[in-house]
Every structure is written in structure tokens, then in C-alpha cells.
Amino acid sequence: MDPNTAGWVLIAALALPLVGAALMLLLPKDDEVRIKRFAVLVTGVAFALVAAMTAAFDYGRSGELQFVTDVAWIDAINARFHLGIDGISLPLFFLSYLLPLLSAIYTTKHLPEPGKPKAFLGLMLLLQTGMAGTFVAFDLILFFIFFELVLVPMFFMIGMWGGPRRDYASVKFFLYTLFGSIFMLVSFLAVYFQSGLRSWDIVELSNASMIGSTTFQTWAFLGMFLGFAIKVPMWPFHTWLPDAHTEAPTVGSVLLAGVLLKIGTYGFIRIALPILPGGAERFAPVIGVLAVIGIIYGSLCCLAQTDIKRLIAFSSVGHMGFVMLGIAAMNEAGIQAALFGNIAHGVITGMLFFLAGSLHERYHTRDMHVIGGGMLMKIPRYGVLLTYVAVASLGLPGLAGFWGEFGAMWAAISPGFGLADRYGGLYLALVVFAAIGTVLTAGYFLWMLQRVNLGRPTEKWAGAELDDVLRIEWVAWTPLLVLVLALGVFPRLVFGVQDAAVSVLLRTMGG
Amino acid sequence: MTGLDVAFLVVALITAAAAIRTVTSTNLVHAALFLAVTLAGIAGVFLVLSADFLALVQLVVYVGAVAVLFLFGLMLTRAPIGREALDSEHRGLALGVSATLFVLLSGLIIAAFGDVRVDVVDGPRTADLGLALFRDWVLPFEVLSMLLLAALVGAIVLSRREDGESGQVEDVTPILLADDPDDPDAGDVALPAGEGAEEVDA
Amino acid sequence: MSLVGPLLLATLLFSVGVYGIIARRNAVLVLISVELMLNAVNINLVAFQNLLFPAEAAASGQLFALFIIGVAAAEVGVGLAIVFNLFRNRASVDVDRVDAMRW
Amino acid sequence: MMTDPSLVVQAAWLVPALPLLSAALIAAFGRRLPWHGAEIGLLAILASLGLSAAIAWETFTTVDPAPYEAAFAWSPLGGGFVLELGMLVDGLTAMMFLLVTLVSTMVQVYSREYMHGEARFTYYYAMLSLFTFSMLFLVISNNTLQAVVGWELVGLCSFLLIGFYWEEKSNQDAANKAFLTTKFGDVGLIVGVIVLSAGMFGLTDTPFNFLETIDAAVAGQLSTSTIVLGMLLIFLGCVSKSGQMPLHVWLPDAMAGPTPVSALIHAATMVTAGVFLLARLFPVLAQSATVMAVIAVVGVITLFFGGLLALVQDDIKKILAYSTISQLGYMVAAIGVGGYTASIFHLFTHGFFKALLFLGAGSLIHAVHSNNISAMGGMRRFMPHTFWTFTVGSLALAGFPLTAGFFSKDEILIAGDLWALNGLATGTAVYWVGLAAAFVTTFYMARAWFLIFFGEHRGAPHDDTHDDGHDEVAHGGHHAEPHESGRQITVPLMILAVLSLTAGLIGSPFAQERPNFESWTSTPVIEETTYPFLAEFATAGVGVSAAEKGPSAKILHGPPSWHPDLLLIVLGVFGGAVGLAWRFYGRGLPERDPMLQMGGLTRVLVNKYGFDDAGYRYVVVPVRDRMSAWATRISNDVIDGAVAGVGTATKRMAQTTYTAVDQRIIDGGVNGAAFSAAWWSARLRRIQSGDVQRYAGALVAGVILLVLAFVAVR
């Protein structure tokens, strides 16, 4: 597997889930066990392939694209089939193969109502291709296709296997995201015609000198901003997220938080910033302010929640705020922190959603008042896991959550592109408020732990038979639990991989 | 005004009158019979226009077969008789639309062809028609025959009574794609009011 | 002879057919009205055959009319079969009571 | 120069590594071992202690030790900046190592008996090891960011240990309060670290490095605003962590944890972190008069008012907690008046005697099953070992001459005096308020001492509401005679008592020659820190001696010397306070009034005595009752109320934000778009009647319109 020539690896990795989904259609509908096993097999093989690719990746040249495929595709509009992977994409790509595997394993035990494993797992595989594709597509049209491809399976996952208000949530999710992506597409078109290159190639466009005037860049950036900000989601475009998360089945939430939200921030970093540096520079303070509002605001909303899953969903708003703050800093450290925050949030919040889902399986409610505490006494292992992940999520150093948050604040103190001179005071205020957000974050997580974990079980549950962590859950969760610690102790795992790629990215922006 | 014109006028008047009666008659059978008259009149028009073969086909197929088919259809469906039973509430709309259409089209036709006269010579002979049909138009002709066959089979399949079919009125469930606009509750479908809004105590 | 005559007659028949389709409630009568419209077209075809290709051996207009007669026959057959089916299922052939495609 | 550091110093990383390893091992295997994991913790901490002692000896005996720094790149941070994982070993590190590992060892030995039979015994030992590791990790770090990591880990461990008895809501609340209050301070710390590092951009690739930051600050490469803003923010972190006013509120509540944990928190592993960080960054903060003044003022306020609070407490752990606040105030104040050595010297000695006092208190609580001194009395007879060790600890805390506390506290007062000579009022404040607080300290310790150990044993009252959660402890019934604790409890007490007596000698005037504490912990950078702002005050002609000698570091960092005048004053203060206390609590209390046998009414009785003595009425009552009550009220109502108010307001704001803004306005806007579409479609869909004939009519009408349009165009 030579990273210079083996373009087939990415194609195979993207095609595997699709082929798997197609083959799954051939399996008999009522043979649930075989369907589930087959899904684990497909995701497992795909993951093994990606893991092998990760091993073969040339880390010495992580700033360059590797495993490249670049062939003509739709000649009529000059679209090309351009795949590749660099240090920025690699961790996200890896994550989008790890989480579906774990989800498939988890589903062998916990299949959401109303069953139908074939459809559910088939959609999940389809989703996987879409997610993974966005991270390796280097053609705007191809990116857009993957970007939209993700919507459909997630729509059905929420709409068919979701909670009581699933219709509302799924339609809202779909329409809101679609709404944003329209503007994004318009911006893509504008860039295509304005650049004079007649190319959709992200690398070419990034390397091009300033496309259009500053005014053009501002407007084009606004379009992309809408598309990506809704996906992230940034305040005030976040309201689809709590609904989608609350209603989605566990696996849907995990993938939504774990990978889907990352597409938005990835889009900012990979497309919006390098192609439109002028627009990004003008927008950066706005992004920063919205990000910090999101941090404070998401935390405040968390404090008001009683539904544990909704709480976790709102916490995503806050955490993605830190990611966006890193982007708003417009310097290497900020981009680094944003990407790290991305990965950390994917791992931690994905794990939190797993836990929330299993909690629902046991208590048949997600209301913290109804659970009423004492979980640490009733099901101690589970309680310990919840504490561990919650503590990671509130940004404790030594666990994954810290580096993204701290890095974003650290980067924002001296934003790039001359922003420090023009908006130095604003950015300092942003750092302070973001730091205050960490206290609120700690507050609601501790409060949640107190509500759920501590104390004695209420009468309702004292006599109930509740399973502690099941073996299949250990299997599905251990990789994430290990990652949470590993990323916290060895931030180099992600920072190191990205370093060169982020430098290259900033150079193309002229910063 | 030539003799042909006169002949045409006579036939046309009969045809027009019969056609109007066809769509206004309050008796179903009368309507079908007026249709037969109309169709026959049209055959006359064809004759005047020296399309002899077509006129005959018109008589055989339409007056002979189609009109009879309609009569059978009317009788088999036991349709009631009378204005209310036969005309829907759209008569005003129908009258307005059709009258406007007629006026408009007539105006256009007169404006465009008002002074055009044609010499009605002897039309193509039947033999020529046959040659053209089987030489130049043979493919459409065959397709048409297939269509007729398919229609035949289809008609039989459709009108055959399946075993166990009761003939009762089926329960028709309207497909509701959204909430009924008349439903007073429809306004607040989706606002997640009150959720998580209960007092949070320390 | 004047061409306007047949054309006007055709227009009239067509309009009458339109009226019938819209105004009649009985499905059989709606079908009958359709026949009127088809025949109006036939008259047009034949009339224009005389104007455009007066001495032509290949009488396209008349052949078209022939085809239309054939298609119309098929249409009547299938249409009436549908009407029978409707009648059997609903004991009525009122067109305005068939509104399953309503919102 | 320590050009070739010995193997021991190079192996310093093992000191934190061993407790971490032990925490992992205990968590993994502890349950299955005969001592339930305690043996692993003890072995590891003993090894760490041994290594720390060797390092301490090495650095202590080396002449002019230079800091030994070793680091490797932990992770790139983007922009070419590198985060290091490293160690910085100098006298300060070695001193902290020794203190932390020693106290931790004592606590772990002690806990074997104290926590015996506890359901979560193994978990407890794992947490102790983790707690120790966190503090050592903070101490060893060579850069601010690594220190932040350790700092936050300390906070987490304290949260887990304070909430050790998490079945009770009050304990959960205490843990949350501790974590959140310190976390609030961490905002300052983190932003401060960020601000400081931002000042280092362009100077180095490792902007968090302590030594480079210090060098840059001393060389004037950091702007004044960076130093002032950065250090004040970092100081905010220290305020919360080291229990300075007004963020001390968590500290008394933190008594909810097991008593040995309190000892660990108060003596070594948590509250000292703030002072340690200030000491570590001392040359940076010494560049700014503003920063030093703020630090000194906060310290002075804390040392006095914190001490007053202890006067009205009945719970022995609360008395000790408020005394910790007060003593930390001394340390912080000392930093603020240039008393670097004095401050960490006091940190060092205080660690021993405060650990001693807490462990002694635990021993008492263990025996009488109550935290209240009103429930004790006469314990001298039942628990002789606890008695004399506690006495030594109290003397040290009160600063009785020749104990460890005396030398260190005097150093602080002297530092204040010297600072005052340079014309800075904060020095004067430290000196006089420090003396007044010494009186208060002596008084409340004497009060506790008399009430606990003298008179008749009063026994525990029947309601155990003040019990610190030891429902499980059931050695003998409640009414049995208290008896001395076992050897695993008393031996650590004795060791600590000896240290409380002797540890001060290395920094005392007995050790004028090197090596002494001053030469151990000072580095050339600190000694040469010149307080650039002093020149202004000196030329203003305020300070006479400063005008002659100039703002010399040697004034502030000279070898310890005798101050007979101060010795006399201190003796007087001590005698006065003890005498006063003895007057109220010592003499005849048990005999004269039968109310004494009822225990909890002691305070009322003391008030009665007050009527006999005018001085008592006009001096003690206002100070002890009114002012401390007032301070208590401020602490409990105003500050705590403000904290609670902020909490409540935040919650209410959160509720409003969520329901009014988020759900109604923002989400309402989103939904509104969808609803207007639905509304229109509801009306428009009526066209879709399903009536084929209407469609046909519309179709023809459309055709007509098209034709008309066509005609019109032509």
C-alpha cells in the first residue's frame, strides 16, 4: 500500500459500505442475527482497510495529499473525481470508520424500535459512505454530493427509528440543513465562475490567488457560512440539533454527534477559509462572537434541561462553539485546536450518547428527575463510565476534551491575519467569556452527575433489576474510552498528524 | 355559394344540433342516440368533403359499434335520469369555458381562413388509401392493431368479476399528508411548549 | 367550397365536447363528450387534407383520421370497462364522487 | 552550578510517576489484595518519599544549585509552538516534593486504621494516590500549561474525595461547591496563562516555559500590561485554590470529606498549590507594584478575617479549616511583600503542623464520634498521645517560640517590616495585622485546646448531625469511654509532631550559614529580582533606609537573623492570648458551673464570664462575637449568598434563555418559516379538490388564457 500510488484504497474504503448495503438487501429479512453479523463484518472490514491505510500513511509528508485519485468525471461541467487524504482529513476519516463499526456492534444488542435491522443497518452503511466521502473529496461537486448524501439516511434513521416527535425532528433536520446547503452551492458556483479557473478542484482553488474582490469574497463566504454554520451548528442556527438528537435512535445520535457535525467545521477549514481568505478575515470576528455566545448559551441551556440526552445535545452546541472559536482565531494554533476539538468532541460526545442510549434501555426514561440518583450504587460500572466521560467532556486536562478547549482560547488571544491589531480587545473578551463557559460546563455536568449518579436509588428503582454494563457494550465502548484517555495524554496523536497539513493550509491562505 | 356549400350547411346544422342535444339531454338513452345522429352527421360531412372511405368507416365503427357500446354501457350502469342526476355543479363553469373557447377559436378561424376556399376534387381513391396505409403507414397501423388488442384484453380483465369480489363500497381512507387546516388544533403542532420548562430546583 | 364551414363545425363540436366533459356527472356521458371532441379533430384533419394536399394520393389527413377512429374505439372499450369497475365498486358512476386524489 | 546533576535529580520524574502507577494498579487489582490496595499505595508513596528525601538532600547540600530542567516535546500546538512535558527541579520543587510525599505517607498510614471497614476502601486509596500524583505533577512541571493540567487534576481529585460519602446530599453539594468555586478561579488561571504565553510569542517556541517566562520578565521583554493582566488573572486562580477571601467559601464545606483527606487538602496537596504557583512565578509578579500590592492586600484581609471566623466554631474541623485560611493568608501576604522565602518557609512548616492537627482531630473524632469540641473535654486522660502531639501542633500554629511555626511566621512579619522600610504601606499592614492575627490564632487554638483536653469528658450529644458521615464507624457504643487510637494513627502523629518542632530549624537564625532554607529554595534569579518599581518609592524619600541602601534584594532575602524585639512581642502576644483563653476556658470551668456538663452550652457560659471582666466586655466580645459574627455573616450571607445568588440567577437566566429565547424566538422563527409554508399549503391545497372536471375546466381555461396571451402578443 504505497501512499503515492494506491489511490484505490480510498475508493475501496468508500465503496465497501455501499457494496455491503447492496449485499445486505440479498439477505432474508427475518434472519436478524445474520444481518447484524453481516453489518459488523462489513464495517469491520472497512475499518481494517482504513486502519491499514492509516498505518501506511506517510506521516513525514502529512501536509500533502496521499492515496490520490484524480480522474475526469463529469466533463460537461469540468467536475473531477478527486479523492485524497492528508493530515487534516486522516483523523476524521479514521473516526468515520471507527464509529460505524462500534455502532454496528452496539446494534447487535440494542436495535431501536421498530426493528427492521436490514433497513437500519443498510442506511447506516449508506451514511458511512457519505460521511467518509466528505472528508476525502477534493472536488467541490463531489464534496457537495457526499455532503447531501448524508442527509437522506440520517433523515430516515431519525424519522423511522426515532422517539415520539421523530417526524418533526427529522423533517426539521433535513430542511434546515438543506436550506443552508443551497446557499453553499450558490457560493460554490460563484467561486467557480469568479475564479476564472473553470475548476472545482479544492486544491487548485485554495492555491489560487485572491479570488474576486473583497466584497465578492464576503458574499461568497456568507453563503458557505450559512451552509456550514447550520451543519456545525453555530448559535443561532443550532435549534435543529437538540430536537434531532433527542429523537434520534442511539446510533443515530452517536453518528450525528461523532461525525456529522464535524462536516461543518471541516468544511470551514478545508473549503471556506482557504478558498475565500478575504471573506474569512472579515467574518472571523463575527464567527468568534457567535461561537462564544454559543458556548455560554449552550451551557446555560444545559442547566435548564431535565432530559439527559437533550442536555448532551445542548452541550454539543457549547463544545462546537470552542471549535468555531479556534477557527475564528485564523491562525495555525486555532485551526489545530479546532480540529482537535472536533475529534475530541466526536469521541466524547459519541460515547456520551451511547451511555444515554443505554441508560434509556435500562430506565426507560431519560428524565433525570425520574431516575433520581443512586446509579453509582445501583449499577456502579455504568456510573463510573458516565462520570469518566462527563469529566472528559467538561474539559479536564489529561482527557481528550481539554486540548481543544484550551487550544482554542490560547489561539484566540493572538488571532492571525492582522485581526490581533484590529480586534485585539474583542478577542481577549472572547477568551475570557469562553473561559467562563468552561465553569458553566463544569457546573451542568456536575449537576447532572449529582442528579443521576450520586445519592441513593429512589424507591422506584431500589428493587428494580438493572443490568450493569453488558459485555457487548464493553466491546463497543472500550475503543472510545481508550481514545478519550489516549488523546488526552498524547495530544500529539492528533496535533502531530495535523501539524504539517495545517501549516500548508495557512500558507495557501497567505497567512 | 355552391351546391356543396348548401349540402354541407344542411348536414352541419343537423350535426351541430344533435351534438348540442347530446350534452344537454336529460335522458341518458336519448343522449346516446343523439350521439349516433351526430356521428352519422359527421359521416355526412366526410362525404361532402369527398372522403368516402372515411365516411363509411365512420358509419361502421362509430355509429355501428361505438354508439351501441355506449348504449350498453348506459344500460348496464343503471344510471338515473334527470338534470340533477346527470349534470354536475360545474355547469356554469362548463358553459363559460366552452363558450369562450368557441368564440375565441371561431374568431381566430374566421380571421385566418375566412376567405379561403378549397376545390373539392375527387379525393384519393380507396385503393390509394389502402396502398398508403400498408406501404407508408404500416408500422403505425400494426401498432394500432396491437393497441386495439391490448385494449380488448384490458377491457376484459377490468370488467371481469373476480372470485370473492363483493361489489361493496370500499372503505376509502383519505391519505392525510398533513393536518387538516380546519382542525383548530393544527396551529400549535410542533412548538415543544413546556418541555423541560418545569421549575429547576437546586 | 368555403373552408370556414367545416372548421367552425369542428370548433363547435369541440366546445360542446368540452362543455360535456365539465358539466356532465355521469361517467358514460363524459366519455361520449370525449368522442365528440375526437370527431371534431377528425373533421379538421379531413378539411385541411383538402386544403393542403388536394390531389395527393397519400392522403395523410384521412389516414390520421382513421387512426384516431381506431384509437377512439380502443379508448371507449377501456374507458367503459373502467366505468363498469367503478360502478361495481361504488354502485355509482358519478364522476364528482370519485375524489380519492383529493388532498 | 549543578552542571552534572546527579542521578537522583534526573530520576525526579519517578516521584509523581510512582503514585500514578499505584493509582492505576490499585484500581485494577486493589480489591483482590489482602490489604485492599493500601499496600500498593503505601509502597509507592514510601518509594516516592525516599526519592524525594534524596532529592531534597541533594539540592539542599549543593552549593548554589541551578534549576535542573529536562523536557521533551509533548505535542506541537500549531504555529511552530511546542508544548513540553518536562520537569524543573530546584529547591522549591524539592521542598514541595518532600512536603507532599511526607504528608501523603502519613495520611496513607493513618488511613489504614481510620478508614478501616469502609465500603469504598480501595477506591479511597486509589484516589489518594491520584491526588498525590496530581499535586506532584503540578510541582514538577516546567511550564505553566503542564501546571494547569496538574492543577485541574488536583481539583478533580479533591472533588471526588470531598464527595467521598456521596450518598448524602450535603456532601455532594460540598464537593460541587469546591469544584465549581475553584473552577471559577481556574478561569483566571487559564486566561492568565494564556495572556502570559501570548507575551512570549516571538521570543520562543515554548511560550509556557517557566524559566523562559521568568527570564523574559526579568529582562523586561514582557510588557507591563502582559505581566499585570496575566499575573492578576493567575492570582485569581490562586485565590480560589488557596482559599483566599472572598473565594474561600468552599474550604470549610470541604470538611465533608474524610478527615485524613482534609489533612491532605489543607497541608499539602491542594490549598498549597496556589501559593506554590505564586512562588514559582515570583520573579514575574515581582516586576509589578500593582500585582504585589493586590496580592498583599488580599493576603492581609484573609489572614485576619479568616482567623476571626474560627473563633465562633464548635466543629473542630471548621476551626482548623478557618485557621488554614488564615495561615494561607500569611503566605500570600508574604509573597505580596517580597517575602518569597518567608512564604514558602511558612508553607513548609505549616504543612507539617496542619497535617498533624487534622490527623489529631481525626483521632479525636474517631474516638468520640463527633466533630464538636463541646462534645469532647478531658481527652488528655483518654488519649495521651493524641494530646501531646496535638499540643505541639497547636503551639506551632500559634507560633510559640522555637517551634516551626514561630520561625516561619516571624520571617513573614520581618519581611513585612522590611518592605515597610522601603516605603510601601502593605508591608506595615502585614506586620501589624499579622501580629493581631497571631493573637487571634493563639486564642482560638487555646480555646479549642482547653475545651478538648481539659475538664470533664462531656460525651457526644445524641443528635449526630455534625458527624462527618461516619455512620459506619461503630467501634464501641456512643457512650463508651473514648480510648486512644491505634498505633497506625498515633505513630504518624508523633512523626509529624517531631517535625513540627524541628522543621523550622533549617530556616531559623540557628542556621545562618549555608546551607539553610533560604539557600535551598532561592535561585539566583529570585535573589537578583530587583523590584524595578522600588526605586520610585525610594527616591520619593519615604523610606529612610531604602534611600541609603537602595532597593536591595539582600534586604529581602538575607539570611535569617535574630530579632529580639519581635521575639518579645510574640511572646507577649502568645502569653496574652493563652492567658485570656485560660481565663475563659481553662480555669474552673468544669467545677463552677453545672452547665458545663451539658456540653454544647460552653459558649454561653463563656459569654457569662465576659460580664465579670470589663476588658473582656469591651475587647473580646466585640471582636470575638460581633466582628467574627459579622465576618461570618459576610462570608455566609453576602459572599456565599452572592455565590448562591449568582447560581440562582444563572439558573433563572438559563431557564429564561431556554424557554423564552431559544424555544420561543429562535426556534419559533425556524418553526415559523415551516408554519407559514404549512398555512399556505393548507389553503392552496383546497384547489386540489380531486374533482377531475374542475381540473378539466381549469385546464381549458388555462388554454384560453394562453391563446389570448398569444393573440395579445401578436
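Of note:
The chains carry the letters A, B, C and D, assigned in the order they are written, with residues numbered from 1 in each.
Here is the rule we use: a contact is a pair of C-beta atoms (placed from the backbone, for glycine too) under 8 Å apart; a residue touches a chain by one contact, two chains touch by 3 or more.
What you are looking at is a predicted structure, and each value in this text was computed from that prediction instead of being measured.
Here the chain at the heart of the shown protein, by mean C-alpha position, is A.
Counted by C-beta pairs in contact, the busier of C-D and B-D is B-D.
Averaging Cα coordinates per chain places chain B and chain D 95 Å apart.
Per-chain CA centroids place chain A at a distance of 62 Å from chain C. Across the assembly, chain B contributes residues 88, 90, 93-94, 97-98, 101, 105, 190, 192, 195-197, 200 that each touch 2 or more other chains.
Residue numbers of chain D whose C-beta contacts span two or more other chains: 651, 654-655, 658-659, 667, 674, 685-686, 691, 693, 697, 700. Multi-chain contact residues, meaning those touching two or more other chains, occur in chain C at positions 18, 21-23, 95-96, 100, 102-103. Every residue of chain A that touches chain D in the complex is listed here, in rising order: 171-172, 175-176, 236, 239-240, 297, 300-305, 331-337, 376-377, 391, 396-398, 402-403, 406-407, 409-411, 413-414, 428, 431-432, 435-436, 438-440, 442-443, 446-447, 450, 453-456, 490-492, 495-496, 498-499, 502.
Only residues 88, 90, 93-94, 97-98, 100-101, 104-105, 108, 178-181, 186-187, 190-193, 195-197, 200, 202 of chain B touch chain D when the two sit together in their complex. Those residues of chain B whose C-beta lies close enough to touch chain C in the complex are 2, 4-5, 8-9, 12, 15-16, 19-20, 22-23, 28, 31-32, 35, 38-39, 42, 45-46, 48-51, 53-54, 57-58, 61-62, 65-66, 69-70, 73-74, 76-79, 85-91, 93-95, 97-99, 101-102, 105-106, 109-110, 113-114, 116-121, 123-125, 128-129, 131-133, 136-137, 140-141, 144, 147-148, 150-152, 154-159, 161, 165, 167, 169-170, 172, 174, 177.
Residues of chain D touching chain B in their complex: 647-648, 651, 654-655, 658-659, 663, 667-668, 671, 674-675, 678-679, 681-683, 685-686, 691, 693-694, 697, 700-701, 703-704, 707-708, 711.
Those residues of chain C whose C-beta lies close enough to touch chain D in the complex are 18, 21-23, 30, 95-96, 98-103.
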